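Sharing a structure, written as structure tokens. Questions coming.
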Amino acid sequence: MARTHIDLELRWGDQDAYGHVNNVAYARFLEEARVRTFWLGSGRERTGMERHFRGDDPAGPKMLVANQQIEFLRVLEYGERPITIELWIGKLGGSSLEVHYEIVDGAAEERTVVARAISQIVIVDGVTMRPIRLSDEGRASVSEWMDEPVRMRRG
Amino acid sequence: MARTHIDLELRWGDQDAYGHVNNVAYARFLEEARVRTFWLGSGRERTGMERHFRGDDPAGPKMLVANQQIEFLRVLEYGERPITIELWIGKLGGSSLEVHYEIVDGAAEERTVVARAISQIVIVDGVTMRPIRLSDEGRASVSEWMDEPVRMRRG
Amino acid sequence: MARTHIDLELRWGDQDAYGHVNNVAYARFLEEARVRTFWLGSGRERTGMERHFRGDDPAGPKMLVANQQIEFLRVLEYGERPITIELWIGKLGGSSLEVHYEIVDGAAEERTVVARAISQIVIVDGVTMRPIRLSDEGRASVSEWMDEPVRMRRG
Amino acid sequence: MARTHIDLELRWGDQDAYGHVNNVAYARFLEEARVRTFWLGSGRERTGMERHFRGDDPAGPKMLVANQQIEFLRVLEYGERPITIELWIGKLGGSSLEVHYEIVDGAAEERTVVARAISQIVIVDGVTMRPIRLSDEGRASVSEWMDEPVRMRRG
């Protein structure tokens, strides 16, 4: 499957008063996974997508989150094992794309998905903040990381 | 409309490196709005719902977020004026309910919705963590705060 | 006493896995109290200090935290009553000042100090980031809010 | 030197509106470094201290932060290189100890200390929350990680 993998450390402070990793922290994990994939290019795989979303040009394309949905499947406990965010492109439009994710518990013996998520992203010009089309090269780069849309219980 | 209103202070630290209130902070606002409505009963209106979701009985019903979707409509700037979370019940099932929200910018001259959201909540027993039905009184209390489902652009 | 008072809402998310307001959140409270005092001028009292620390001029003086010490005296529980930050100037140098604080539990029957803190601040030029002297007017404004240094157990 | 090293990932969300890692995040890093050292034992070195501070016994000794001081020396920029917390025991009392730290910028070419800190810790019984003496074994274990007190500019 054309998914990239981002390993993220948990922090004790990600927990809430119930002693579980708080659902707000999941949104933080998704943000970090996007930053590492689209800006730093520091995930497990070299996707090359970071060359098209950030660079020396501050007027280059930026990503705005227009809509984000997270489905919480299991409780996640703090521990020293990193979680893994599996991230891929679920949909690619003219000036928008959908980032799909599965969050995998690093401490579980078998691959255990604790959450699924979708971020609807609008690509905008860094100066005018108006939607713009990705370059052909950017489009080709992103296309390599498309996969089947994540399936959530709720439509 | 049967909506309850929760006024929330922004914090300078809610901002991200772009100088806007970060999208992760929105999830924090929704959490706080739920806590004040369902546990503290400290919103603008006395809804009475807090009598049915928390009490002296630790085995009483608890609320688990199963799915949460946020639609981001406008940038929110930090300032001294509180935002207002308009919160209502968009759907009421046997052992689940949907909390719907609109986040209103307190600094805008006219009522300006900066985000819409839906949290799908499962009501569970505080000890077994198994889904349970709300009591008839709890159900009646919640029903008073039902309103039309929030409309998002994305399904 | 020449102290200004800033009332801050707690958030349920300020709690840690122990079910208490986490010590890291205290640093957030101090930051917010400084922002409201020195930039927004939105505390209980109109101190006027905000006219000298921020304005239309991005090259105006900025405040950098060089050192911060917090003494934790009592556990703070989340609730609907705001806490109050009592804030004053404990020391005023040429291009630096010390902000001193007491954090007061809003839910306690009597005035209960839960923490004391000192932030050592360097005043810098917004462009060069080099230390600069406050203007005479700024100095006079700040001087009105000087009070005895807070006393901590640890030197 | 008898210091243990804890490598911590930065998160994009650690930044504030100035685009720098926020000073509140530093307190979060110190917390995480303590948790990994004293509870998880997951730092670079196997210190063994975690055997004495947490275990199967919830009534075992707990650590309360009584006072924390952080000196900020340099701006820290977000990036993919982890920071390193160098942590040691600067002082060891009967039922208290001081954790001393230097935070080292992982992206700098040479060893660059961006902050220094001291946490004054009281060791308490997990049930009564009263100060207790460390066991002789715990004391011996901790003693191995003592080093010269960190030097701050401010007393």
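Each chain carries a letter (A, B, C and D) given by its place in the written order, and its residues are counted from 1.
In this section, contacts are C-beta pairs under 8 Å (C-beta built on N, C-alpha and C of every residue); 3 or more make two chains touch, one makes a residue touch a chain.
What you are looking at is a predicted structure, and each value in this text was computed from that prediction instead of being measured.
Asks: Return the chain whose centre of C-alpha atoms lies at maximal distance from the corresponding centre of subunit C.
Replies: It is A whose centre lies farthest from that of subunit C.
Asks: Go through B-D and A-B and name the pair with more C-beta contacts between its chains.
Replies: By the number of C-beta pairs in contact, the winner is A-B.
Asks: Would you mind pulling out the distance in Å between where the CA atoms of subunit B average out and where those of subunit C do?
Replies: 31
Asks: For subunit A and subunit B, what's the span in angstrom between their mean Cα positions?
Replies: Whole-Å distance between the two chain centres: 25.
Asks: Please tell me the distance, in whole Å, between the geometric centres of subunit B and subunit D computed from their C-alpha atoms.
Replies: 36
Asks: For subunit B, write out the residues touching at least two other chains, lowest number first.
Replies: 12-13, 22, 24, 28, 31
Asks: Where on subunit D is subunit A touching in the complex?
Replies: My answer: residues 8-9, 11-13, 28, 31-32, 35-36, 40, 42, 79-80.
Asks: Would you tell me which residues of subunit A are touching subunit C in their complex?
Replies: 12-13, 15-19, 22, 24, 78
Asks: Quick check: in the complex, which residue numbers of subunit B touch subunit A?
Replies: Against subunit A, subunit B makes touches at 22-24, 27-28, 31, 64-72, 120, 152-155.
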